[in-house]
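Just passing along the structure, written as C-alpha cells.
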Amino acid sequence: MTRKFSWFNATSLAFGFAFLYIPILLLVIYSFNASKLVTVWAGFSTRWYGELLENEAMLDAAWVTLRVAAASATLATVLGTIAAYVLVRMGRFRGRTLFSGMIYAPLVMPEVITGLSLLLLFIALGIDRGLFTVILAHTTFAMCYVSVVVSSRLVTFDKSLEEAALDLGCTPLDAFFSVTLPIIAPSVVAGWLLAFTLSLDDLVIASFNTGPGATTLPIKIYSAVRLGVSPEINALSTILIAFVACGVITASLLEKRRAVAAGGN
Amino acid sequence: MAKGGLGRIAVIAIPYVWLLVFFLAPFAIVLKIALSETAIAQPPYVPVLDLQAGWAGFAEFLSELDFDSFTYLLSDSLYAKAFLSSLTIASLSTLFALLVAFPLAYGMARAPERWRAILLMLVILPFWTSFLIRVYAWIGILRPEGLLNAFLLWAGLISEPLQILNTPVAVYIGIVYSYLPFMVLPIYSTLEKMDDSLLEAAIDLGCTRTSAFWLVTLPLALPGIVAGCFLVFIPAMGEFVIPDLLGGSSTLMMGKTLWSEFFSNRDWPVASAVAIVLLLALVVPILIFQRQAERQQEAGR
Amino acid sequence: MSSVTAAPKAQKVFAPWDDPDATPLVEFVDVRKQFGDFTAVNGVSLKIFPREFFALLGPSGCGKTTLLRMLAGFETPTSGKILLDGKDLSRVPPNLRPVNMMFQSYALFPHLTVEDNIAFGLKRSGYGRKEMEERTAEMLQLVQMKEFAKRKPHQLSGGQRQRVALARSLAKGPKLLLLDEPLGALDAKLREQTQFELMNIQEKTGTTFVIVTHDQEEAMTVASRIGLMNKGSLAQVATPGQIYENPDSRFVADFIGDVNILEGRAGKGLRRDGEEVTGFEYAGGKLSGRANEAIAPGATAWLAIRPEKILVSKTAPKDKSLSNVLEGRVHDIAYSGNLSTFHVRLDNGAIVKAQEANRRRLAKREIVWEDKVWLAWTPGAGVLLAR
C-alpha cells in the first residue's frame, strides 16, 4: 500500500535517526582520536585499540562474558521455547495466570530488584557466587524474552500442521521435533540471539550475582566509566558496535533471502 | 490437542518450577530480609532462619522480625524524595519518549514499503548494541568539556558551558535515548498494520487530514502507545545505570538508592525494604502490562 | 457409490445400510460434545459402513466438523461412544488410530518435499526403506504427481497441493479417510474435476471416506449417503436421491436444492394418477402430495414442491394428470442461460418459483413479466411434511 509520505514524515525520520545514531558515531570517531581528550582532535590513531588488546583484565572479562552469554542463551532458549509452547498450546490449566504473570513480569521488572532477589536466593541456598550463579540469573530473565519471541511465532503457526503430524502417527513429542521446531526455527534462533545480547550487555544483575574470578565485561566497563571518559572504552565500544552491526545486517539479509525463496509471501 | 496426562504435566512443570524457584521465591526472601536487622556479620543481617532448629527456630525467627527497616524508610525523608523523584523522572521520561518516538514510528509506517525493512533494522540496531556503552557515549557529549557544549560554544549559541551532566536533565536524555526502541517498536507495529482505507473513509466523509489523524489514526495507535509506555515507565522507575552515570549525586532514584544501600552501606535489610517498596509501587502497572500483553497475543491468533 | 454411476455389469446396488446383517465400520453411539455452555454435538447416533463415501453436510456451526474431529481424535466426546470396527476409540490418541485425515488447509509440511510429505506417516509405521519408496511412488502415481516429487509445497498450485495432501493421507492405507472441506479452496471447474477423481480413488482403494462439506451440490455428487446436520443433531441420513426426493423436514427440503414450501392443512388419503397420495388444502384450493409418514387430516402441514417439477403456461392446463394447479402473475424472471426461473405471485401474496429449461431462445420467449399464468404439477411430485 502506498501511503502519503510527507515532508513532516521525512523530517521526523531524519531527526529520529540522527538522535539515535549521532552518539554512536561520535563514540566510533573518537575511538580513533590520538588524543585522550574528547574535545580535541589530535589526528587519526589506532593506539587505543592496541592498548585494549593488551589489557589482560579486559580480555579475561570478555572471555567470561562470552561464556556466560553462550551458556545462559542456550539454556534460556530451551526453557523459553518450552514456556512459549505451554502458553500458546496448552490451553487452560490450573495456575496458568500465575505462570503467565511470571513470564511477562521480568520483561519490565527493574533489574535492581531481580538482581537483589536472586542474590538473596543464592545466599539462602548456600550457593557460592561465581560464573554459575551469573548464568542462572541471566537464564532466568532471558527465558522470558525468548518466550515472548517464540510465542508470537507459535500463535501464527498453523495448528493443523501439528494435527496432521499426529494424525500420521507421531507422538506429541515427535510432532514437535519433526514438524513444529523445524518450522519455527528462525524464531528460536532469534530468541537465542536476543538472550545472548541481553546477557552480554547486563550490568546490574551480574553485579549482584557475580563472584571472584567471574568479572564480566560490563562490570569492567562500568568501573572504568565511573572515572570518566576513557578512549579504550571507546575502542571497545566500536568493536562491539561493529560486531553487532555485522550480525544484524547479516541476519536481515538472510531473512530477506529466505522470504524471497519462500515465494515472496 | 489431547496430550498424555503425565507428559503434559512434565512439560508445563519445567519452566514453571524454574520460574517459581528463581523468580517468585526470591521475592519472599527479599521480604524476609527486609524484616530483619542489620548486623556486622556475613550475611550482614539477623535473624537468619535456621531450618535445623525446626519449629522452635521458626517461631523464634518470627518473633525477631521487625519492621525497623520500613519505619526507617518512612522516617528519613531521603527515601520519600527518592520515590517521588523516581516517579517524576519515570513519568516525564515516558512522556518525552512518546513525543520523540511517535513521529519517528509514524514516519516509518508511512514510508514506502521497500524502505520499511531497512528502517526497522536501523531502529533495532542500537537496541542490540550495548546499553551501557550507549549511556557512556552521552557522558562524552554532555560533560562541561563535552561535545555538545563544544558545538554550542562554537556556534555562538551560548557563552558558557551548560551544566547538563550530573543533573536530572541528563537522566531524561539518557532514559529517552536508551528506551526509544521500546517505545518506537510497539507504536510502529500498530501503525503499520493500520488499514489505510479507514483514513480514506474518514476523509471521504468530510474530515480534514488533521482531524482524521486525531480521530482515526491516534485512537487506533493507542494499544501500541500504551504498550510502549509500560515498556518505558516500569523499568525506568527502578533504573540504576542512567541516573548513576549521568545523573550525579543530585539526582535521586530508587534504583540508585537500592544499590548504594546494598553496596556502599552494606545495609541489606534496608536495601531489601527499598526493593519491596519499589515492587509494591510497580505491582499494579506490571499486572496491567501482563494483561495487555496476553490480550495482544490472543488477538494475534 | 451412487447407483447412478453403477458399472454396467450385474446391477448389484451398493446399499449396506439397508442390510440388517451388515456390520458398520464406524458407529457413533449417542455422542455429545460440549464446549463450555455451547453444545456443538447433541446426541448423534450414526452408523457408517465400509466402502461408503459418506458426506456430513450442513450449515456453518451445525457440528459436522466437530463430529469429524472426534472421529480423528482431536476432540473427545463429552458423553457417548465412538466405535471403530467395534472397538471403543475414546482412549485411543489420534496417532494410534487407523484413521487418517485430509485437512482443509492441506497442512502440507512446508519444510519437506512432496515425497517426504507422503512418506511422513510411513516412516512412523515401521516401513522398511524399500517398501517406503515403493509405496510413495505408488501414491504419487495414484494422484498423478510423479514429476513433482522433489518439489516443496510452496512451489505447487492449490490443486497440486490438494493432491499431495490426498496422497499423504492415503499412504498408510487407512480403513477410514476423513476429509475436511477438501474442495473449498478450488475454483469451480477444478472442483468438479476433483470430485470425480476423489470418487474414482475411493472406489479403487476401497477406503471408507467421510467428507465434511457445506456445499450440498458437492455432497449430492460424491456421496453414497448424506448425513445432514443442523444445530448439533442429524436432521436426516439418506442417499442423495432419497434426501432430494423424500426430505423428512422443511429444513432438509430447503437445504438441499431449491424448493417451494407451502403451508396448509393435510387432507385425507387419495388415489390419483395410479398412486397413493395425501390431500393438501392450500389457499382455498385442493392440492396433493406424497406423505412419507402419517399426518392426521386437518393438522398443519407443509408441501415441498421443487421448481423444476412445476410447469408454467399462459393457459389453464388441460392434462388431467397435472392435478395440482395454482394461478398467479409473473413477478420476476431469473435468467441463467440454460434455465429460466419464474417467480410467480399467487393471489394470497406467496411467491412460487417454477423452473424451466430454455428450450426456446430468449427472443422467442412466450411468458413475460406481469403475465397471468397457471402453475401445474403431478399429484405425487410434491412431498407433504409434518415438520
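When the chains are written out, they are named A, B and C in that same order, and each has its own residue count from 1.
One rule holds for everything that comes next: a residue touches a chain if its C-beta (ideal position, glycine included) is under 8 Å from a C-beta of that chain, and two chains touch if they have at least 3 such contacts.
Given the structure is predicted, the values throughout are model-derived calculations rather than measurements.
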Highest-count interface - the chain pair sharing the most C-beta contacts: A-B
Closest chain to global C-alpha mean, per-chain Cα centroids: A
Whole-Å gap between the CA centroids of chain B and chain C: 60
Inter-centroid spacing, chain C versus chain A (mean Cα positions, whole Å): 56
Rounded Å distance between chain A and chain B, as computed from the means of their C-alpha atoms: 16
Junction residues of chain B, two or more chains touched: 1, 4
Set of chain C residues in contact with two or more other chains: 73-74, 93-94
Shared-contact residues (touching 2 or more other chains) in chain A: 163, 166
List of chain A residues in touch with chain C within their complex: 158, 160-161, 163-171, 174, 178-179, 182-183, 262-263, 265
Contact footprint of chain A on chain B as seen in their complex: 1, 3-4, 7-8, 11-12, 14-16, 18-27, 29-30, 33, 43, 49, 100-101, 103-104, 106-113, 117-119, 121-126, 128-134, 136-141, 143, 145-147, 150, 177, 180, 184, 196, 230-231, 234-235, 237-241, 244-245, 254-255, 258-259, 262, 268, 271-272, 275, 278-279, 282, 285-287, 289-290, 293-294, 297, 300-301
Touching residues on chain A, where the partner in the complex is chain B: 1-6, 8-10, 12-13, 15-17, 19-21, 23-24, 26-27, 30, 37-39, 79-80, 82-83, 85-90, 93, 95, 99-114, 116-118, 120-121, 123-124, 136-137, 139-140, 143, 147-148, 151-152, 155-156, 159, 162-163, 166, 172-173, 197, 200-201, 203-204, 208, 218, 221-222, 225-226, 228-229, 233-234, 236-237, 240-241, 244-245, 247-249, 252, 256
Chain A contact footprint on chain C (complex, rising order): 72-74, 93-96, 99-101, 103-105, 107, 109-111, 120-121, 124-125, 154-155, 168-169, 172
